Structures are given as C-alpha cells and as structure tokens.
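In structure tokens below, several structures.
Look at the two complexes coming up: chain A is in both, with chain B in one and chain C in the other.
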Partner chain A sequence: MIKLLYIEDIRRPERNLEYKLIIKRLDFEKVIEYYDSIELDDVAQIVADGVICHAGMAAYNVVKTFAEENKWPFLSYSGGVDSPPRLTENKFKKGHFSVDSDYFEQALPEFVDYCRYRKLSNKE
Partner chain B sequence: MLLAREPQFDTKILKKSGCWPVTSNHYKAFTIKKRNGSERNLVAVKRNLKELQSNFRRSFESSYEVSKYAHAFVSKTTVDEVEADFKSLRESIRPRGVITNALVHTNKKLVISIDLKDFFPTITFPRVMGMFKKPPYSYSNKQAAIIAELTCLPKGIDTNRGLPQGAPTSPILSNLVCKKLDYQLGKMASKYNLAYSRYADDLTFSTNDLKRIQPQSVIHEVTRHAERNGFTVNEDKTKIMYSNQRQMVTGIVVNDGLNLHKKHVDALRATLHNLEHNYNSVEEAIRQYWKLPNKRSFDAFLPIGFYKSGNLGRFVKSPSKGPKGAKPIDKTELNEIYALHLLGRILWYGQVVTTAIDEPHNLTKHKFISPKQHSRIRKYEEMLASYYRISMKYGWDVEHIVRKLANKHPYLQVLVKMSNNLLLEPVLLNDSEKKLIDDVSKLYKNKDEYKKFFESAPPSLQRVIRVENRSHNNINLEKLKANVEAGWYNPAKQKEVFFELNSESLADLFHKSTNGKGHLVKSLIKDLVKVVGPRLRYLSPVIRKNITTVHRELYALMKLEGEGAIVDFENESLRTKKVLQAVLDLKNSVRLEVTGSMNFYEKIVLPAIKQSGMDNLVFVDKENMALRLVTDILAWRDALSKLLISVNQHLVDSERVFDSRSRTPISILLREANPKTGAPMAIEVYRRDSSQKFKVKLNIKGHEQEGLIEKWVTGGDLSSVVRSFLSLGDLFVHGNYDDASNVTVNLTEHKYLRELALTHDNYGQLFFTLQELNK
Partner chain C sequence: MTTIVNLQKNKHQKFLFSPDRSINIFNLIRIINGADIVGDFKLDITKLEINHQNLLVSKINAFLRLYTRLADTGSDSVSIIIGKVEKSIIEKVVEENHGIVVDNTLVFEFTKASNILQATNDPHHVKNVRGAVLLSLAQDLIRITKIENSTSFIDGESSISLHGATSFLQNEENASMMWAVLQSWSSVHSRDYRAKVNVRIQRSLLNKKKLKGAVSALLKNSSASPFDVKSFAESLESKLGLPKGMFDASEAIQIWFIDDQYANGWKILLEQMLSDFPIELTCFNSIEGVRASIRLVNELKKGERPNAALVDLRLSSEDLTYETYNSNDLSGFLVIDELLKTWNGLPVVVASASSKLWNVEKAIRRGAVAYWRKSDEVHELSNEEVTITALDINDQFVDKLTLAIRQARYSRIFRINQLLMELCEKGTVTNIELTRSITNYCNNAPRKISWMLWQDLNENEVCNSLFLGVMEIFNELESSLWDKIAKKMVLFPDARVAAFSDIKDSQIINKTLSRLDKNYDIGGRFLASKYETLKGIRNHLPIIHGSRSNGSAEDALVTHIEGALLIVLAVLKELDLHFNPRAD
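Let's look at the complex of A and B:
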C-alpha cells in the first residue's frame, strides 16, 4: 500500500478541514495521513510516496524543497484566480502537480493513481 | 559673449549683439491698474537687451553686497555673502523677503511705515552713473555711462530716464543706490533705539521705546534723509501703527508674532469649509464666488488669470485671439490648477505663522512660543487636514503632499489619521526614519560630517549610494539627501511585500474568495496599507506604481459604494473593471506560477535571451523555472537581458564556433532559494570555456581573503545590469581576471572574496550570478 502525506497549513486550520472532508469522502483516509508539523527537521524525516499541500501555506517552500530532494510526487492546490481546473504537471519538473483548490476533489484520485503507479514502476 | 559675468563695455560688441545704441525700440511700454485706481507704468524688455541686463544682474549680485536693511530682491546667493547677522537665516536657507522684513518688527509698541514715491522712476540715469563712478565700483566715466545707458530707460519712453519697471537690473540697482540711504537711516534708527528695514520702497521703523522719539520726529528725520538721497516720501501712505491697532508690514500682521490679516484667513477657512461640506465640485465653488453680491478680492480663490466671469477658462496668451484670450480648460486641468492654487494659499499662511519657529513640528519643545502663535499653527494644521479631506472628496492627486507635511506636524498627523487611515502614502515614518531624515537635512557642505553620516547609515542605503556614486568614499551629498528623503531600493523590504503578496495577508488580491462572493474592499485596502504603507518608499518604481494603482482603484470603489463594497476577481463587472485591470497589471508584473505561461522561463529568461540576441549561444536549464513566486519580473528580465548582452561582448571568437553535437558556450540555470541553507534565489550564468578571463584589473592589494575593490570595474553595460537589479539583489562575477585568479567579485558593492569558481559537469564554470538579497 502507498503512503501519502497531507501537510496541514497550521495557519489556516479551517481551510484544512475542507480538504480533509474531501479525503474522507473519497475514502482515501487509509492511504493519506495528516501531518501537522512544518519544522525543517520534521519535514526532513518524512518518508512518503507522495505529498499534498496548499500552495499558499506557511513553509510551502520547505515542503517543495524536500519533495524535490526526495523525488516525492507533489501535489499543490491553490485558490489563485488562474489555477488549472485539472491535475496539471509542472512543465519543467516531473512529478510536481498543481490544481485549482475548487477542483481538488476531481484531481485527487488521479494523483493517488499516479503515486501508486510510480511506486509500482519503481519496484519493478 | 552675452553670458560673460563681467559687464561688457565694448560698444562695438554691444552693437553686434543688437544692444547698442539703446532706443525706445528695445522696450515695450504698457500699464496695469494699481489698487488705488491709478496706473503703473511697466515695460517689457526686448530679448537681446534683457539677456545683457540679466548678465549685469548676476554680475552685480555676486560682486556687491546689499545692505542688511534691504529685504526685497535679495537672492539666495546674495544672502550667502552678506554679514553674519543673517547667519541663522542663511542656515535655514530662507532668503530674505516680505516675511523676514516683517519679522524685524514683531511685538513692537510702535510701527511706522513710510513709502517712497515713484521709487524706480526717481532712480535716474545720472544717479546710476554717479553711483558706478564711486567706490567700490570705481568705473571710468565712459564705463559708468554705458552701464547707465543699458539699464535706464531711453528718453523716448521716460524723459527723466528712470529705472525701467520690468528690467532684470532694476531691483538690484535700486538696492545698490539705496545702500547709502539704508546706512544713514540705520544709523539714525540705532541712535533712537528703532528697528529699521526696507522692502523696496517700503521703509519700516519700529520700537518699544516710545519715550526716545516721537513718531512725527521719525517721519521728519526719514523725510529729510530720503530727500537728501533724491527720494520723495509719499505722505498719503505714511502710517503710524500702535500695538492696539493692526500693525501691517508688507502685508503681514506683526502685532504678536507673524500673522495674516484676519479677513484673508477667514476667507481661506470659509472656502475650505464650503468645499468640504457644501460644494460638490470645483466648478460650483467658482460659480458660487461669482454669485456673491459684494465680492472682495480676498474671497476669490481663483488662480490668477482665471476667466473673470464665472465661465470656466483662463486668460492666456493666444496668438489667434490677440495678446490675451479666454482659453477653455477641461475639468481635470481646472481641478489641478484650483487644487494647487488653494494649497499655495494654505502653505503661504503656514510659512507666515511658522517662520519665527525653528522647528514647527516640535511645537512641544517651544516653551516660549506665545499661545496666539501656537493656535495659529494649529489653525494651519487644521486647514491642511481639511484640504486633505477635500482632496479625497474631489479626487485631487495631492494627498501625498499633505501626508508628507504631516510628518512634521504631529497634530496634523492626528487629524489626518482620524479622518482616514486607509491611505497608502506613508503618514507615519518610524523613529529611525524620522531621525535619518532629520539628520540628513542638517548636513551642509562639511564633507567629513556627511561622510560620517554615510558610514552610520543603514547598509541598504550605503549600498545604493555606493552604486550611484560608483565609489566607496566619494559621496555626493545631493544624491544622499534625495535617497534619504524619498526612500531607496531596499530589496529586503520589497521582499517582505512580495512574501505577503505570495502567501500572506495580501495574497487575497490574486485569489478567489472563500465564500465565492468576492472580497471585502475595505479589508483589502487595510491589508495593503498595513503591509505596503511602511515599505512603499523602498519599492522599485514599477512595483510602487502598480501597487498604488491597485490601492487607488480599490479606494475609489469603496468611496463610491461605501465600506461594504465587494470585489469579485473572477467576475468582472462595469463597476469593478478598473480594479480588476489594476490587479491584473500588478499580477503581471510580480506573480509567476507553476502552470501556464506565467513561469520564470517564459516571462523572464526567454524574452531576455531574445532581447540580447543570444538565441543560439545560450542553453537554458529549465528544471526549476516553473515555480510559484512573487518578484519584480521586469527587474529580472531587464537585468538578465543586459547581462547577456554584456556576456556576448566578452565571448571570444573560438567560443562562438560550435556544432549541434557540442554544447553552447553559455548556459543559464535558476537556483531556487533553499530554506535549508538560507541561500537566496539566483540566476547562474555558466561559461563552457573556463580558461577565459574576465578582462579587467581588480587592483587587489595584499592577500586578504576578502575586501573592497577600490576602483570601479563595471563599465556602462554592467553598470546598467547592476542598476536594473538593484531592487532585487546583487550581481557577481566569478573566476579569473587580468591580475587575479579565483576571485568572486560583487559588482554591485565592489567587494571581493577569494574562492574557486563553481563548476558544473555539463555547463562549465560559473561566470556571472544575479542573486537576490534577503537581508
């Protein structure tokens, strides 16, 4: 089984709730764990098959830096006016995805599938 | 020839320049009406002669002192050279004028005002000539005659050949001619314990020692001296004013400190009140004035030359409509002229009431300031606050002027703050900023003092000043002052604003609202003011302009719709069109995204390569170039494009030859900020051929690991890169030089560090770095 981490935005707990509800509704609670520390040392200890966080959260850059270093698949969702309405991979960085926060629910299964497929391919 | 400082006496040269012989054709006479109904004869001097007279004026002003009693027509340069009595005035860079003239006579029991009749016309050719023949001028007969000929009216216009009213030389000549009179009257004044001053033809005497001499005796004595000097006293205008009467000296009331006439102050306050509470437009204010049954000149707050009828327009010279014609003006121009005119009147009042106070903004420190003077300054501050509210109401773009003044007036600060705390311009400077401005204003020509100031200044200011002066030591005072007063590029402060725009309180500007209905405009404004207000003076001009435009449009929307106004960034409507456009402009100038075309590569690197013409010579490693970032896009693009142009010039011919299998001579990669190490973001430019040197001499003496590069090594192209990138960070060059190896030079601050240049397996050796500054 894969293990993904949802990094909580400690500054906006009410916003986290919204996305946690979606994770619950999609029945992903078995594969997605919630992680509420953004301390550099803690994030450095993370072992995961993928990471999810809000693009405007505190310490977004910390999470992104470790995602790059550890080659975690990385999904960031954003409320930006021009955010993409579907799961969109970074043009220049493989495995880094973005989506409009309003379309988080639609994009999440696709991202979970990507992580699952990637883990399998790595094993092979 | 006409620009020479020494007077020209060669009549052949004068003839050649069309100034000799002087005839009626050199002057055009015209008259204007005086307040008493009589006419004042003026002349307009033809261009050639006027230039020559201006040259004379400069020569006389710099060569000869006027008396300490003269307050009219005294320029700053003249004041600089005059006696120590005026030291304090000189220090405050306040030239003499009506205010200093009145200041001599404040708080006196008796003030006597005496007017000289036909002042300029009575200073005639023989008197001017006679003056120049005597010491200290000691010109020859012929030279003195030529000067008099060139500066007095020809017989065809004035049979007495007096000084022309309208010629540039007449004011200074009148002061020089009156020097003897001033000396005699000054002597007489000190004998009777009187204070004496002269403003052109207005002689004023004042005293608290009433027993010493009778007013009539003063007038008698003055008349005697004036007549001995060829002047006549205008008896009708002679005034004796005791302290229980209004004592006016050159239009200023001097009874208790300085003040303006009550009717003028009241008219000004009434106009401000009406504009704030009763009128709805400037047009209405002007039309209402023309409807007044008993108009008085001081009620009119119409700029001079405004069309006198209530129609909107102004008298201007118009070749098609004769010498003067009515020119209609549009609403914007009308508002602008009216706003500045009104402000001018308020500032004049302020100048009068605060003149005797060294530091009006430090009112609390002045124990001896009279209660009346104190209340006048309060009144002035209230006028400014009212003007400020009016400018809000009518949308005049003058708020920043009042807000700047507010820095010096704590009470005004309170008034302005009470009326509105939703404005962006920085009302409140913090203590260290105030101190810095205060300290820099005290710097004068003493180089040691301003060097000391520079050395203790914030590092970010030192950095900018070094770049502007291209030196570590040779500091230009004017540049220093300009930066301290207006603010300077401070990358760290700008980065704080970018951080807030990216993910903190200002991020709402680029995000959809959580409730789907839109953002509350007032909250957006409040956040903008809170975050940007204290940092506005440190932003780059483009960012500053875009942010203030967003603020202005949001503010306009709130003024229109009230404090409950909402703006939805996803759905444009007619009412929010301008706000959305302003936000979009700001967004396009600062925000880079992970997806779409708003990424670092497409917005910055690609256009920079195209602009530099390096398309075929550069490889771009795009891996990190799609990132979420708020930064100054234009500064990055400009700096990179200029850097690549410079790099292109540094390439040697052999580097330009490569085929599709080999690699390009230059590679660019983006190094992202690393939260682990704290390393800031940078663009790195690599050069494949690491054997090439950067062809400059660093002139590093000794073997220190790091130090200063004393002589500036950046030429025009790299200087331009440095300046373009100044709001974001520094430019570095790495590697070997004509006289040094393995050195990294910060080309912005001209500092060096001995270290090996970074090498990359695929791209070669690090050549240049554009690196953001975090601190």
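Let's look at the complex of A and C:
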C-alpha cells in the first residue's frame, strides 16, 4: 500500500475541501492522507510515496524544496494560465508534475498510478 | 456560407502560444477577426500539435466569453474541428459549455457558454490587471525597438503578441481596453504620434541598459577587485563565523516576489520583463510562505537568500477594506518588516496598484527603497495616452529595480554589519563610544545608501562615504584595545609596547593586528597589512586628500569597505573571546 500526502493550504480551507471531495469521490482516501502543517520541522519529517498540493498554497516553496531533496513524486495543481490540462512532468525535475486545477480530477488517478509504480520499481 | 479558419502550426503557433506553453485566447480572436467572418464559422485546429490542441480546447470557455465581447460578427455558434484531443478534456468542456460533439467536431453556441464567476468584479483586481496588460504592451513595443508605418497591431500577423498578459487578457474589461488600443493604432494614429512613441521606446531601451549595468556589477566576481576581499574573507571564515561562500560570485540574481496574484499572471509577466537578465524569481502569496522560506534559508541553509524583494501591499482579501477606507496597515507591510528584520539592508521595492499617499509614505518609513505603482487610472485616458502610460509604468519598474539592484551590491556590508550588531548587543563591547559608533554606522548604512542612490550619486561617492564611516570606527576601536591603567594592550597584555600616548600615529591597532596575524597563523602580516592598505586608501580619499586634479586621489571600492568591516569584526571577536572565554 502506498501513502500519499495531500498538504492543505492553511489559508484556504474552502479550497482544500473542494479537492478533498474529489479525492473522496475517486475513492483515494485510503491512499491519500491529509496533512495540515506547514511548519518547517514538520514538513522536513514527512515520509511519503508522493505529495500533492496547490501551487499557490502558503509555504509552497518549502514543500517544493523538500520534494526535490527527498525525491518525492510531487503533484502541484493551480488555476494559472500556464497550467496544462493533462498531468505533465516537469522537463527538468523528474517526478514533479503539474496540472490545471480544473483537471485535477482527471489527472489524479494517473499520478497515483505513477507513485504506485515508482514504489514497486524501487522495491525491485 | 460558413467560413473556415485554419490554424497552422508554422503560421500561428508562436502568436497563439507563449514560450511557457500557455495559450493566448486574445490572440486567437485577433486571428479570427482577420478572417472577415460574417455569421457562423469553423475553426480547424487539426494542424496544431496535439498538446496545443488539448490546451486550446481546455480553454474554450474563455474564448466563447471573450469572442462575443470583442469581435461580435453576428455568429451564434462556432464549430471546432479537432484532432486527437484528450477525451477527458472534451467531455469536460462540452458538459460545462453545453456543446455537442459530432464526429471530430465540437460545436458550441456562444450564448450557452459557462459563465463561471471571475475575479473581475473586484476593483482592485481589475486595476491591477489593467497595469499588467499595459506592461505587456510595453514589453512588445520595446522588443520591436521601433514602430514603422507598416507595423501591424490588431491582426494575427502582428509582432505585438501580448504574451506577457496571456492570463490577464482573459479578463473581459481589460481585453476590451486592449482591443480598443490596438484597433485605434491601425486607424487613427498619426506619424507624429508614432514618432513620439518611438522616442519613448528608445528611452525605455536606455533604461534597460542601465539595469543591465547594475545586474552585471552585482554579479561581478569580487575576487577580480584590486583589493581581493574574497580570499581575505575565506581565510577568516571559520574564525569569524562568516557564512560559507558569502563572497562567492553568483550566476543569477535572486528576487523574492510577494504578491497574492502571482499565479494569476504576474509571475509570467515579470519573467517576461526580466527575460533578458540573469534574474530568478521566487514567488510567494502570503506572509506565512515568506516566513517559512526565511527559516528554510536561515536555519536549514536550503535555497539562496534574496538579493532583493518586490512586495505587493495587499496580500489578502481583508486588505481591500483597509485600503479603501482607512490607513491601517495592509499585510504587505508586515512582509517588509519581516524581511528587513531578517536581512537588514535588503532592498525592498513595493509593487502595488494603490495610489494612496499614506501607503507610499509608510512603505518608505518601513524601509522600502522604492514604491512602484504597477497600474494607473488608464480608463480615464485616451487610447493614445494609454500607450505612453504603458511605457511609463514599465520605465518606473526598470528604474526602481535598478535602484534595488544597485543597493544589493552592498548586501555583504549589511551582512557583516549584522554580525557586528550581534556582538554589540551581546555586550562584547564595553566602550560606549565604540558601541555607539558601530550601532550608528550599521543602522544608518541602509538609509544612507538608499538616499545616495535616490540622489543618483555615482558609485564612488557612495563608497567613499561608507568607507570613511568604517575608518571612523577604528578611531573608537583604538581606545578599546589599550588598557590605560595597566598601560598594556588589552588583547595581548604580555606584549611589550610603548605607552599609548607615545605610540606614533596611534599604532595600537597595527600592533594588535600583527599579534592576531601570529595567532591566526594565516601567514605573514595579513590583517596588519590589509589594514595598512586600507589606511592608505583612506588617506587618499578625495574628501581627505583634497582635489582630484593632481591625480593622487583614490576612491574607495565596495571591497575596501567589506575588508575594513571584516577587520573590525575580527577585533571584536577577539575582544569577545577575551572577555567571555569559552568553556572549552
């Protein structure tokens, strides 16, 4: 079983709820846990097979830095005009994906599959 | 008869899609507008790359909303002929906009487009965005360097791509404004007006050159200076507790950009504005994010500290009430406080659409080096004035960023000052005059530098003044190094020296530094020799030496100031160890 973390934006609880509902609707609540701390010490301690957060969340840079350092598969979503409508891997950072928040629901299963596959490959 | 508009990869891709791969819906309408459509039409996108097709279809709602507003051709519907567009994207847009799918064609009626509530009702947002759209126009004008009679504006062949405002142009109000501006260029602008705009473009290019100079100066390797402070600092690094690599040359300038709207287009726009410079932007939308990253840099030593910061004042929806009705603090002020508390002397430029004078005053009082008003009341201006205003807003930005980058050249001075202040606050220095001298110097340095840069004084005058300030600290330092009662050197009481008053030219500092050189074991007369060099510079400063006419005057460099401060720090550290010996 894999464990992914959805890091909540402490400033936007109503927006978190929107995406938590999608996670629930897709039946991913068994693999995706919710995490609501952006304290540096807490984020530094995270152990996960993948991390998901909004690109506009408070402390996004902190999460991104640890994602790079710990090589977490990382999905960030946002409503920015440059956000792609499909799960798109960053050209320069392997395992870092982005998606237009309107297409979060469509992209999430693919990201979960990626994390699952990655964990299996690492075990082998 | 139905008109078919064919989008071609070679012909339209650059105009439709910006390098960051976002789609410019405004430009799609410009292309269609050029096809002289009457009634319904078909848009064939099959010749575009699949990723671009996906992107275009995913943003169809923005197109449907904007098209009727900008280019009302009496069309009721549009048919889009697609290639292998992702099924999930098709399903979503068709459902949301009440479209239908017929084979490889999506059909939408304009009146049935989803009317998702936009942030456009927020007056702050609209004003903000208007400035952004204008800035994007200014970027394109500067890029083409000159408007010719043949330069096209409104159509799909135009070199005015407005890619910097791709996101903002999805806002109907601002898209309408820009549409009118571009249309009027094609019809009413005279030769004289074109000449006037061209003069302004040349001025903007000149400003850009100044920014380039400031950027190069900041990135210049300090070891290339005649006074090699880098090697000097590296030799003392561990003894003085200097941050590792403090004097290393950087490849890029780090700017922190704090704006709650950064993800809604400002980041893309600023990146475009700075694309010719080695500048990296790190974006934040809240004070919480800034605080977390400060800890990341300072405590965990991850990431680079910024060279400068651009701070918007309104970072939360609650701020709107404050800004409109009273002069309470907007949340951006807290960010300024936080940044300057952490990094004394960090050049902070406020980037705000607010025209409230109390905000400008407060920003400067809080320590910002400049206030950039990123928008203007352009809705009151004619289309002609709008273009000049666009270039004005851009020039203001470049000007203020140049000021900040120039101030950033002194950042290592501020860092050493912070270390000195820590020692003063710790009580290391018992001599009140010395404490006062150091504290005054450290507190005044950022303001003094900002003021001199505002006055546009040249680099030499700024450096000479700062250098002289450090050399004055040495005057006070002397008396802390001599025990008048015992008639001995404080740090080296066993050393045999003549009484203080008898030492010619107050050699107590030289003697102390010579002994320190022996203790540090870093070879030869290191600190003492550097001090001698610096004294020589001091004696040849134009203000000390008099006229430059006989050619013997010498100006101080930033590295001289840094070197002198490092010597003060070394001596204070030794005094600290002397009076507060460590347990180990």
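Please note the rule applied: the second predicted complex is superposed on the first by the 124 of 124 C-alpha atoms of A that agree within 3 Å, B and C clash if a C-alpha of one lies under 4 Å from a C-alpha of the other, contacts with A are read in each partner's own complex, and residues count from 1 in each chain.
In this text, contacts are C-beta pairs under 8 Å (C-beta built on N, C-alpha and C of every residue); 3 or more make two chains touch, one makes a residue touch a chain.
Just so it is clear, the structure is predicted and the values come from calculations on it, not from any experiment.
J.: Could you tell me if A:Gln106 is touching chain B, chain C, both of them or neither one (first, second, both, neither)?
T.: Touch status of A:Gln106: second partner only.
J.: In the superposed arrangement, which partner chain does A:Ile10 touch: chain B (first), chain C (second), both, or neither?
T.: Touch partner of A:Ile10: chain C, not chain B.
J.: Applying the touch criterion given at the start, work out whether A:Ser98 contacts chain B, chain C, both or neither, answering first, second, both or neither.
T.: So A:Ser98 only meets chain B here.
J.: For A:Asn90, decide between first (touching chain B), second (touching chain C), both and neither.
T.: A:Asn90 sits against chain B, while chain C stays out of touch.
J.: In the overlay, answer first, second, both or neither for which of chain B and chain C A:Ser76 touches.
T.: Only chain B; A:Ser76 stays clear of chain C.
J.: Who does A:Ala58 touch here: chain B (first), chain C (second), both, or neither?
T.: Touch partners of A:Ala58: chain B and chain C.
J.: State whether A:Met1 touches chain B only (first), chain C only (second), both chains, or neither.
T.: neither
J.: Classify the contacts of A:Ile38 with the two partner chains as first (chain B alone), second (chain C alone), both, or neither.
T.: second
J.: Would you check which partner chain A:Val47 touches, where first means chain B only, second means chain C only, and both and neither mean what they say?
T.: neither
J.: For chain A, give the residues common to its interface with chain B and its interface with chain C.
T.: The answer is residues 40, 44, 55-62, 65, 78-82, 84, 102 of chain A.
J.: Spell out the part of chain B that touches chain A in their complex, as residue ranges.
T.: 502-503, 507, 510-512, 514, 569-570, 593-596, 598-599, 601, 622-626, 628, 672-676
J.: Given the complex with chain C, which residues does chain A contribute to the contact?
T.: Spelled out, the residues of chain A in touch with chain C are 10-11, 38, 40, 44, 55-62, 65, 69, 78-82, 84-86, 100, 102-103, 106.
J.: Any idea which chain C residues touch chain A in the complex?
T.: Within the complex, chain C contacts chain A at residues 18, 20-23, 51, 54-55, 57-58, 86, 88-89, 92, 166-167, 170, 262-265, 267-268, 282-286, 288-289, 292-293, 295-296, 299-300, 302-303, 316.
J.: Could you list, by residue number, the parts of chain A that touch chain B in their complex?
T.: Where chain A meets chain B, its residues are 15, 40, 44, 55-62, 65, 76, 78-84, 88, 90-93, 96, 98, 102.
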